[in-house]
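Have a look at this one before I ask anything.
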Amino acid sequence: MSKGTVVLAYSGGLDTSCILVWLKEQGYDVIAYLANIGQDEDFDAARKKAESLGAKKVFVEDLRAEFVEEFIWPSVQANAIYEDRYLLGTSIARPCIARRQVLIARQEGAQYVAHGATGKGNDQIRFELTCYALYPSVQILAPWRIPEFYNRFKGRKDLMDYAQKHGIPVPATPKAPWSMDANLMHIRWVLGHNHPPSDIFCMTKNPEDSPSAPDVLEIEFSKGAGLSSALFRRAAGGVAIKVPHGVGRIDIVENRFIGMKCRGIYETPGGTILYHAHLDMEIFTMDREVRRIKQGLGINFSELVYNGFWYSPECEFVRHCIAKSQENVEGKVQVSVLKGHVYILGRESPKSPYNEELVSMDVQGDYNPCDASGFIKINAVRLKEYNRLQNYSFRS
Amino acid sequence: MSKGTVVLAYSGGLDTSCILVWLKEQGYDVIAYLANIGQDEDFDAARKKAESLGAKKVFVEDLRAEFVEEFIWPSVQANAIYEDRYLLGTSIARPCIARRQVLIARQEGAQYVAHGATGKGNDQIRFELTCYALYPSVQILAPWRIPEFYNRFKGRKDLMDYAQKHGIPVPATPKAPWSMDANLMHIRWVLGHNHPPSDIFCMTKNPEDSPSAPDVLEIEFSKGAGLSSALFRRAAGGVAIKVPHGVGRIDIVENRFIGMKCRGIYETPGGTILYHAHLDMEIFTMDREVRRIKQGLGINFSELVYNGFWYSPECEFVRHCIAKSQENVEGKVQVSVLKGHVYILGRESPKSPYNEELVSMDVQGDYNPCDASGFIKINAVRLKEYNRLQNYSFRS
Amino acid sequence: MSKGTVVLAYSGGLDTSCILVWLKEQGYDVIAYLANIGQDEDFDAARKKAESLGAKKVFVEDLRAEFVEEFIWPSVQANAIYEDRYLLGTSIARPCIARRQVLIARQEGAQYVAHGATGKGNDQIRFELTCYALYPSVQILAPWRIPEFYNRFKGRKDLMDYAQKHGIPVPATPKAPWSMDANLMHIRWVLGHNHPPSDIFCMTKNPEDSPSAPDVLEIEFSKGAGLSSALFRRAAGGVAIKVPHGVGRIDIVENRFIGMKCRGIYETPGGTILYHAHLDMEIFTMDREVRRIKQGLGINFSELVYNGFWYSPECEFVRHCIAKSQENVEGKVQVSVLKGHVYILGRESPKSPYNEELVSMDVQGDYNPCDASGFIKINAVRLKEYNRLQNYSFRS
Amino acid sequence: MSKGTVVLAYSGGLDTSCILVWLKEQGYDVIAYLANIGQDEDFDAARKKAESLGAKKVFVEDLRAEFVEEFIWPSVQANAIYEDRYLLGTSIARPCIARRQVLIARQEGAQYVAHGATGKGNDQIRFELTCYALYPSVQILAPWRIPEFYNRFKGRKDLMDYAQKHGIPVPATPKAPWSMDANLMHIRWVLGHNHPPSDIFCMTKNPEDSPSAPDVLEIEFSKGAGLSSALFRRAAGGVAIKVPHGVGRIDIVENRFIGMKCRGIYETPGGTILYHAHLDMEIFTMDREVRRIKQGLGINFSELVYNGFWYSPECEFVRHCIAKSQENVEGKVQVSVLKGHVYILGRESPKSPYNEELVSMDVQGDYNPCDASGFIKINAVRLKEYNRLQNYSFRS
């Protein structure tokens, strides 16, 4: 008798193939679910593999358009960046994938969902908080946190043996000492403490091998999201943005939600260009003080998304506020991309308060420089009083 | 009879030379004060010029060491960056210059200080708030805000005529349509809305003309400030950090304190490298939650410094707190610099909580993955309750 | 020939009566404008007085409904409180008054507006920023900042003499050594450093003389604003909320925008009750994390409104976000009011995530206490690592 | 053979007495530890009770002085208040108690600590995070989260039966339907949704039964902490601050760290008076902008302490920063306490920038009101530009 039905987030690789078979072994009916978010994968082959391993059903879902529209654009609007460096390419993919997974689970009457994320990472949290938020009564099977599983599969060797025993196709090449996650926005590698080989990257060229002339792009924004340009069309069409320059590579140690520091290598060419271009257009068109408040909300957004709270009341609230702030973020940014560098050449907008005449040193216009004296003196009232009390002493 | 003595921040250029003579004409005794903060200048020539124009005294002050120690390092510790882009190279120079200026004014018994900053900019505010904070009873003469002055000198032509009439040496080359500010950390140009000529830059090479092999540097931090390395030694020695790569160039529209958006071009090679290296070391060594709070303080710091409040009770408070946060920011960062790009190669520290074993996917150690299930479930309590109330609907 | 037309914010008192006449004397046509925001005033008498003093036109405008709807409710939603104490009763009245003033100025083709606020206070800023924001080309006449005016009227004696000379009715009673501002929400007195006389208050009774039995009220909120209840109906009807208890009196030193500390006495009975009741309902119905973010926005709102930026892009943005946060702030709060104290008795809401069963110590339900162990252990990961590095020492 | 030694946080009540015996039954050696933080308890009797139940050792520790010095004062300095209402009386007691508990555990070579906190509350987290932070290798036994325990003791009846069976003295009175936590600062009750009986309170009188004349106190601060005054001396002497007025009672629904909303009744007379007095002195003496930053840090502090992170790097950092901000918070506040209300009568300080002459409407002094015109006009630059773009429309 079946223990019930489980919808497994299936990647086609060794780990989730073993999990598929192991779950069946444990008595579950397994529905394999494979999300296409722009990663480089033979989806037909993966479907056949899952079927051959005994999946009751296989869903291969094309989520590229919704990934771009509902996850990438809001992140671009937020200038989302975790700890000032990481553009959240994996973090925003997880709720997109998990949302469809629980939708399938509800449709198919499955009480369980499963995933192959490890027990020390962020992805387990992002998957599961999404599942609980959208399907509160769901039961989650995370084999890498189930002692029967993780005690049985202590290393790659154990997975290989199990695969061989159960007719799971075994990859010919020995596994690299890192894990990888890819989608149309970025690729992430989790490594130990060694320098990554320079041929690890897939979406970008090594800066040193890049063309020596820059690519010049023009990016157009409407309400803070991408309107047109080759870059956007490719993304919206689900084509991973690969660039012939080494743009968007970072090697960082970051702080996981779980409380550990870990090292990651990221490659986010399109996201990096969009980040810089959007930042430029935002400051060009947005009031200074609105932007100060929005900057804080963007930091909130980044932390929430990194920690897995995309589907939470607070993240929903923050997304609403940020979208409101973007109403006038409209215009075109010219960008030069060379080797690893993104350089903004210029910008134009029908909605910018930038006023060349007002700011000109040669035109006085409506502006009376004497007002600045009053402005400064009033700002100094408080400082003078402080001096009076503290008797500020010189230190030079 | 003299109206009193004024200490003028003198640059040696046409504007402040005219101001020097004009102030004398108005009946002031003028002390010329020229600060060396690493800009490219013939200080002896400037001294002689001031003397020949009738300055009662001339002070040429070498502030390079204190600029590095007291202004650049605290900014590096703060990861100071205004509106996510500008590294504040001019903003931090102003209080450094003005502090010495009021010190001289006090020593010389001068009731007045003067400067040549314009009436629409930030620099007037930075100069004057420093003066008022450190010498509350000082009187400030800002000719570009005095109608008798600015109505007389409506354009460069008027300055040239005045110079010729009063024996002020006139520059041979026609003035470029931008103003420039330089110190050992950076150069700023204020431009209108056109693309800058590619030969405007002084501290960096055009990325396209840069060497095609990267420079690899190692930067060592102690308490968040620079300890050694060629880069630091040069800076501390007052040598402007010029790099053979196009690192640290930006073209931005920024929001002035005065409420206008203005366009600036900056070139900050050393500061850009230090920014990235310090950020890397900080996140590597600092607790995640301390860093979140410190990040907010760093934003405060950046806004305060940009707006001219270096000498204010709140900026003093923030600097104290940030310095406290840096106690363990110690170690070495390896950096690759190529064309316009800074790429972090790796880092090491005796004080990092980074724990390769703890984070390893292969070593379980003290960490029990089942704990993560509880962690996630408790974090989901609130989300489930929200779902119960809102009846979260699917949108795909 | 007339210098032009000025719309004067007229209160009916000695100061603005003198200003009215003085402005005429200076050659302006004066339109007197008197706003009814619930203060205790004989508006007919004031109209006649203005007419008799030579006002070209007199507008007496009843702004009570819009003051409640557009200014008090958003402030209640924001839990607006400046420096943790002041409920902003005067701050929110100023933009309400000034908005109508510039509307009249535009309608009447007046290029000028004038007010009687002093040159050291906040009100001048609140008036004028509203005017500039809504009518950018307006010219503002602030006599207390015009040397010809303030040098002529150095004290009350000068105003009295001027009044007598120009047939302005002179108040019989000697002026109290404080200024007062009243509306249906509150009264403010600006005092020096002495204790105020206990009979200064108008809207509340001295606590010691209050009834010894509490008043019990029920307040109903819908989207964070008041729905019904006697309290709200009275306010919406423009009746100042006076309570027979000493609720809402405070004696504070506050920080003005202009950089000074000043002492004020406030009396805000209804606002104080609403503040506590709304806070209770908000935390009862709102998600914890949404509320954390909204709390920060409420602090932003309070500072902006205090400083006069009601009509600014950032305050508009913040009001939008706060209103969004209030969508589920719905229900009834029972309040006991006694002497100076407001005590919340209880609350009920159709939209609260409060779940008596979930929180019960006796019912386990869906909640597994073992999950808390994991939650705590994962939260401790970071702390243990810190201990490892710091060697946390005991201090007891 | 013993499973090891456990230090149990023992209260003397029914629950922890049963836990003591149950732990022995499970094979542990039990050291009973009872902290005196000012609660109303017969410590000698409790000691004897623990000995009679088989505790290997009993520690009764007087922590009152360190509770006041190291936990109450920093909280007063922070103006610590959770969700704008709760003064954290229980939250700050937990790390104080747990710190001594792990100190004893280390001294006695115990690998285990235990407590009687329930599995849905905050206290378990506060206890355990402190233990893990200060004694990372400790093992924690939380019986209310151990299935063998909580399945055996499903209600009070089971505890009573167990007590009778094992010679544990059984309380004569039936247990009230709430739990209580007391220390010298406050008492907390956790209730369901009914109104609490009016005789539940211990530290305060019902407002209606309070004296009808106010108590007038003077409170003196030095560096933001209490210097002298009867109130402080009593607290420092470990005497719970009871007042003959109903000050400091609140009935709230609050958000637990665990994600639930729960109802609590608190009684914090001394803490409430100190909160208001300190807030008054802080704003009186502190620079406005320092206080704005410090206010944010105080909110951080409150959330951290509420959630159990007293001993964390970030809370340590925040405490350091807040202490720095308090250097000039010095002076005396006069307070009137009546019924449930605290009213500030006045304040004086040798270190306040309050400047009666500067703020006076009658004295002009150094202040030039014309400067305010410039100040306002420059602040309006941005608003006018916004208007130009948005074409702000009138809505009245």
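Every chain is named by a letter (A, B, C and D) in the order it is written, and numbering of its residues begins at 1.
Keep in mind that, in the parts below, contacts are C-beta pairs under 8 Å (C-beta built on N, C-alpha and C of every residue); 3 or more make two chains touch, one makes a residue touch a chain.
Owing to the predicted nature of the structure, the values given are computational and were not obtained by experimental measurement.
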| item | value |
| --- | --- |
| Other chains in touch with both chain A and chain C | B, D |
| Relative to chain A, chain with the most remote C-alpha centre | C |
| Gap in Å, rounded to a whole number, between the CA centres of chain D and chain C | 32 |
| Mean-CA-position distance for chain D and chain A (Å) | 40 |
| Residues of chain D engaged with two or more neighbouring chains | 258-260, 287-289, 292, 309, 312-313, 353, 355, 358, 367, 370, 372-373, 375, 377-382, 385-386, 388 |
| In the complex with chain C, residue positions of chain B that touch it | 287-289, 328, 351, 353, 355, 358, 367-368, 370-375, 377-379, 381-382, 385-386, 388-389 |
| Chain A contact footprint on chain B (complex, rising order) | 66, 70, 79, 83-85, 99-100, 103, 118-120, 124-125, 128-129, 132-134, 136, 142, 144-145, 147, 150, 155, 179, 190, 192-193, 195, 207-208, 212-214, 246, 249-256, 258-263, 279-280, 283-284, 288, 291-292, 295, 299, 303, 308-309, 311-313, 338-341, 343-347, 352-356, 358-362, 364, 367, 369-370, 372-373, 375-377, 379-380, 382-384, 386-388, 390, 392, 394-396 |
| List of chain D residues in touch with chain B within their complex | 258-260, 287, 289-290, 292-294, 296-297, 300, 309, 312-314, 317-318, 320-321, 324-325, 378-382, 385 |
